[in-house]
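What follows is a group of structures, each given as C-alpha cells.
Same chain, two partners: chain A is paired with chain B first, then with chain C.
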Partner chain A sequence: MNILQQLINGLVLGSGYALIAIGWTVLLGAARLVNFAHGQLYMLGAFVAWAVMTKLGVNYFLAVPIAVVALGLLGVVLQGLMLRPVMQQNLTSLMIVTLGFGYIFQGGASRLFGGDPERFVSPLQSAEIRIGEIWFTWQDVLTLVGTLVLFGVLWLVLNRTRVGAIVRSVAEDPKLAQLFGINAALVYIGVFVFECAAVALGAGLVAPRSPILTSMGFDEVILTFVVVVLGGIGSVTGSLIAGFGLGLFTALFGALVSSAYTTAAAFFVLLAFLVLRPRGLAAR
Partner chain B sequence: MTVELEATGLSVRYGGNVAVDGVDLAVPTGKMVGMVGANGAGKSTLINALAGWSRGTPVVRGTVRLGSTSMDGLPPHRRAAQGLVLVPEGKGIFAELTVMENLALVRPPADPTGRHLFSMEEIHELFPRLAERRHHKGRMLSGGERQMVAVSRALRAAPRVLLLDEPSAGLAPRLVYELLETMRKLVDRGLSLLLVEQNVRATLELVDELYLLERGKVVARGPAQTMRNDPRILEAYLGSLTG
Partner chain C sequence: MTFRHLANPLALLLAALAYFVPALAGGSPVAYGACTTIAILAVMSYGADLILSYLGEVSLGHTIFWAAGGYAAALLSVNAGWSGLPTAAAAVVVAMVLAVVLGLATLRTREFVFSLVTYAAAVVAMEIAFNWSFLGGSDGIVGIPPLTLAIGSWSVSANGNDQLWPIAWVVLMGTLLFIHRFRHSRLGTSALMVQMNPDLATALGIDARKVRLGVFVASAPISALAGWLYAYQRAYVGPDMFETYFLVLMLTAIVIVGRRLLLGPLIGTALIIVQQTFFSIGGDGDKIVLGSVLAAILLLWPRGLVGLWTVLRSRPGAPTR
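The block that comes next holds the complex of A and B.
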C-alpha cells in the first residue's frame, strides 16, 4: 500500500466533499437557512449536465456551466416559493419544505431521466497522470484546483467586498439590515442561487467519478452535513479544512482499516468532535 | 412652514394589544421634534411604525407621508432609500462588521435632490473618534462609539427625516448631552429630526416641539417653551424643578 497515493486520493476526495458542501456552508452561515434538498440538487446538477451532453451533443466543458446556470435559475424559483418562511427564519418549516422539494426532484428526475445508472463522462476522467508509483487523473486536478479557486474567490468576496459585507450583515441581523436600506429578501435569493449553482458545479466535477442515478443524493447530503458541522457552521475556511480532513480520513481509513465502515467511522469522528469542540474547527 | 414627515391616525396593534392608538404627528422641515413618555407608553412602537419596521409582527393602520410621498405599504428598506431613516433603540450596528464596513453598507440615494449627502470628512468632523476606530469591529466599540456609528450610518443615507430612538440608552450623561448637541447642530443646518427620549430634561432643552405620549396616545403637544410649563410634564418628569 502506498501512503502517498492514499494521501492524494484523500485530497481529491476531500476537495470534492468541500466543493459539494460549500453552498450549504454559505447558506447556513450567511443566511441561517437550511436546504435538505441539497443532495437531490447535486443529483439534478449531474443529470442536467448528462442530459445536455447525451441528448443535445454538447461537450462536457459547456454542459457543466449550463447545469450551473440551470440550477441557479431553479434556485430563484425555489427561494421565491419559500420566501415567507425564509423571511420569518422559520427553520422547522424550511426543513420540511426542502425535504419535500428533495423528494419531488427525485421523483421528477426518475420520470424524466429513468431509473437506470447512467454514465456521465468527463474527457479528463480518462486522462491519467502517472509519476512513479502514484497516479491520478486530470479530472482530479480540475476538481482540486476548481475547489481551491472557488473557495479563494468566495473568501475574498465575503470578506473584502461590499457585497460580502451585505451578506454578512444579513447573516447577523436581517431586520437591522433593512434599516441600512438593504433588501434582505434579495440577499436570501442570491445566497440560495449560489448554493444551487455551487452544488451543480460540485456535481459537474465530482459526479463523473462513478455512474449516476436519480436516487443518489442522500450520501452527499450526509457527508455535506459532516463537513459543514466539522468546519464550524458557516465558516468557509473551516469547511475547506474539514472537507480535506474528511477526505484524508476516508482514504486512509478505507485503505488501512476497512472501506465498508468509512461513513460510520466519519460519524464517530464527528461525534467525538462535537463533544470536544462543539462549535467546530472555526470556533474562536 | 412645510412639513417633512406627517403621520395621520397611526395605530399599532400586537395581537389584541393596542400599543399606539390613533396618533397624529408632524415633523416640520428643519426642526427637531421630541417625543417623551413613560416606559411602555408606545414611543418605540410609534417611531418604528413610521419607518415601517419592527422586530415583531404588528398590525399598523393609518398613513405616513414623507414630503408629498406616501410611505404606506413600503417595506423599511424602501423607506430608508426614500430618506426616512431610523436609528433603532439598542442594537443599531453590526457587531461583526468594522466601522468602515458598517458605514459602507449604506448607499447614497439615487436621487439626492433636496437631500444633504454627508461625506466621510463631515462624519469624521462630527465624530472624530470614528476616524481612529474605522478598522475596529462593532463588537469592540464602547456604547457611545456604537451610537456614533449608528447615527453616522443614518447620516450617510442622506436622511430627509432622521428618526432617532433613545440614543441616550446606556450612555453616560456627558455623552448623552454631547450626542444630542451634535444632533441639534445638524438640525440647525437643515436636518429634520424626530427624537424619542426618556431624558425629558435634556430633550426639552434641545427640541423645537415636544409630544407627550401616554398609553399609546398623544396627551399633550406644543412648542418646547410652552411644554416646559405644562403641568403634566412638570408633575411627571420635572418634579424637582418646582419642588
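The block that comes next holds the complex of A and C.
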C-alpha cells in the first residue's frame, strides 16, 4: 500500500464529507434545526442533475448549477411548511417532520426516476493525473478546490459582513434579534435554502464517483453528523478540519482494516468522542 | 362508583372483542394476516412510544431492538432448534443488553444528539447485519420453523396467520397491560416529571440519568418481542428489518392519534396497515402517503387526531359541550 496515495484519497474523501456537511453545520448553528432529510436531499441533488443531463442533454457543468437552484427552491417550500414549529423551536416535532420529508423524497424519487442504479457521469471523472505511483482525477481536484473556496467564502460572509452578523445574532438569541428588527423567519428560510443548495452542490461533485440509487443517503447523514459533532456544532472551520480528519481516517481504515465497515468505524470514533469530549473539537 | 372501577371490566370486554376482530372481518387469510401484522407492528411501536411519549426524546434506534428480536428467534430456532419460549427469552435478554450499551453511550446526550446517535447506531447495526456471515449477511436467515410454544407437556404450534393470531393477540394485550402499569409506576411518573420539569425532578431527588436509562432498557424488550414474532410470521429475517419503513411507521403510529394515549399507537398502526393492505397505491406511493401523514399531522395538528377533535369542538358555531 502506498501511504501517499492513501493520504491523497483521504484529502479528497474528506473534502467531499466537509462539502456535504457544510449546509448542516450552518443550519444547526444558526437555527438549531436538524434535518433528517439531508441524505435524501443529497440523493435528490444527484438525481436532478442526472435527469437534466440524460433527459434534456444538458452538459455536466450546467446540470450541477441547475440542481443547486432546484434544491434551493425546494428548500424555500420545505421551510415555508415548517415555519410555525421552527419559530416555536419545537425541535422534537421538526426532527420527525424532516424524517417524514425524507421518506416522501425517497418514495417520490423512486417513482420518478426508477429503482435501478444510474450512472451520473462527470467528464472530469475520467481525466486522470498520474505522478509516478500516485494518481487522482480532475474531479478530485475540482471537489477539493470547490470545497476550500466555498468554505472560504462562507467564513468571510459569516464573519465579515452584515448578513453574517444578522445570522449570528439570530443564532445567539432569536427573540432578542427580533426585538432589534431582524426578521428571524427570513434568516431561517435563508439558512435552510443554503443547506439544500449546498448539499446539492456536494452531490453534484461527489456523487459521480459511484452509481447513484434513489435509496442512497443514509451513509451521508451519518458521515455528516460525525463531521458536524467532531467539528463542534455550528463551527465552519471546525467542520472543515473534521471533514479532512474523517476523510483521512476512512481512507486509512478502508485500506488497512476493512472497507465494508468504514461507516461503523467512523461511528465508533464518534461515540468515543461523545463520551470523552461531548461538545466537540471547537469546545474549549 | 368511580371510573377506575368501571375501567377494568370495560378494558377486559374490549380486549375480548379485539380477539374476534379477524373473525368478524370475514375470517379470510387476508383478515388474519392484516390483524396479526397490526398486532406485531403495534407492539414494535409501543417500544418507541415509551421513549417519545414519556421521555420526550426521539429514539431512531428502536429498529435495532426490533431486528435483535427477529435475529435471536431466527438464529436460535434454525441453528440450535430452540422452541418459541426460550427464543423469546433470548430476544428479551439480547435487546436489554444492547439497550444498556446504547443507553449508557447516550446517557449524556439530549435532543438531536440523542436522536442522531441512536439513528447512527441503527445504520451501523444494519451495516454489520449486512456484512457479517454469522447473521446471514445480505441474504438473511431463511427457513425459520413454525412457532411452537411448549410448557411442560402442553404445546401449541402456529402455522399460518390464523394460528399465529392468538399468540399475537396475547403479546399485544400483554404489552398494553405493561404500558398501562408503566404509566402509573414510579419509573413512568418520574420519566414524565424529568421531561416536564427537570429541575423539580432533581429537587425531589430523582436521578434523571437513572430514569432515562431505566425507560430505555424497559422499552427495548417490547420492540424485540415484536421482532421475535415477526420472524416467525415471515419465516425469514434479513437486514431489511432495519429499513426506514419500520422507523417511520413507529413514529407515525405514535403521533397520528396523539402522544401519551394508551391505545394511540395501536389505532395508528391499524390505520396505516389497513391503508397499505386494502388501499395500497404501490410501494413507492405508500411511502409518500406514510411520510406525508407523518409530516402533515405534526405540522397541522401537532397533538394528533385527538388535537384536531379538540380544535373542531372549540370552533365557534359548533355545538356547545
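Miscellaneous remarks
The rule is short, and it goes like this: the second predicted complex is superposed on the first by the 284 of 284 C-alpha atoms of A that agree within 3 Å, B and C clash if a C-alpha of one lies under 4 Å from a C-alpha of the other, contacts with A are read in each partner's own complex, and residues count from 1 in each chain.
The rule is short, and it goes like this: a contact is a pair of C-beta atoms (placed from the backbone, for glycine too) under 8 Å apart; a residue touches a chain by one contact, two chains touch by 3 or more.
This is a predicted model, so every value here is computed, not measured.
When the two complexes are overlaid on chain A, chain B and chain C sit side by side with no clash.
Of the two partner chains placed around the shared chain by superposition, neither chain B nor chain C is touched by A:56.
When the two structures are aligned on the shared chain, A:91 is found in touch with chain C, with no touch to chain B. With both complexes superposed, C is the one of chain B and chain C in contact with more chain A residues. When both complexes are overlaid on chain A, the residue A:36 reaches chain C alone and has no touch with chain B. The superposition places the C-alpha centres of chain B and chain C at an angle of 90 degrees about the C-alpha centre of chain A, rounded in steps of 10. When both complexes are overlaid on chain A, the residue A:260 reaches chain C alone and has no touch with chain B.
Residue contacts after overlaying the shared chain place A:182 against chain B, while chain C stays out of touching range.
Taking the two complexes aligned on chain A, the least Cα distance separating chain B from chain C is 16 Å. Contacts from chain B toward chain A in the complex involve residues 51, 53, 55, 75-77, 80-81, 85-88, 91-97, 101, 104-107, 153, 157.
By the touch criterion given at the top, residues 56-58, 60, 105, 108-109, 111-113, 115-117, 119-121, 123-124, 127-128, 131, 244, 247-248, 251-252, 255, 282-288, 290-295, 298-299, 302 of chain C touch chain A in their complex. Within the complex formed with chain C, the residues of chain A that make contact are 28, 34, 36, 81-82, 84-85, 90-93, 95-97, 99-104, 106-108, 110-111, 218-219, 221-222, 225-226, 229, 260-261, 263-264, 267, 270-271, 274-275, 278.
Chain contact summary for the complex, chain A toward chain B: residues 162, 165-166, 168-169, 172-173, 175-184.
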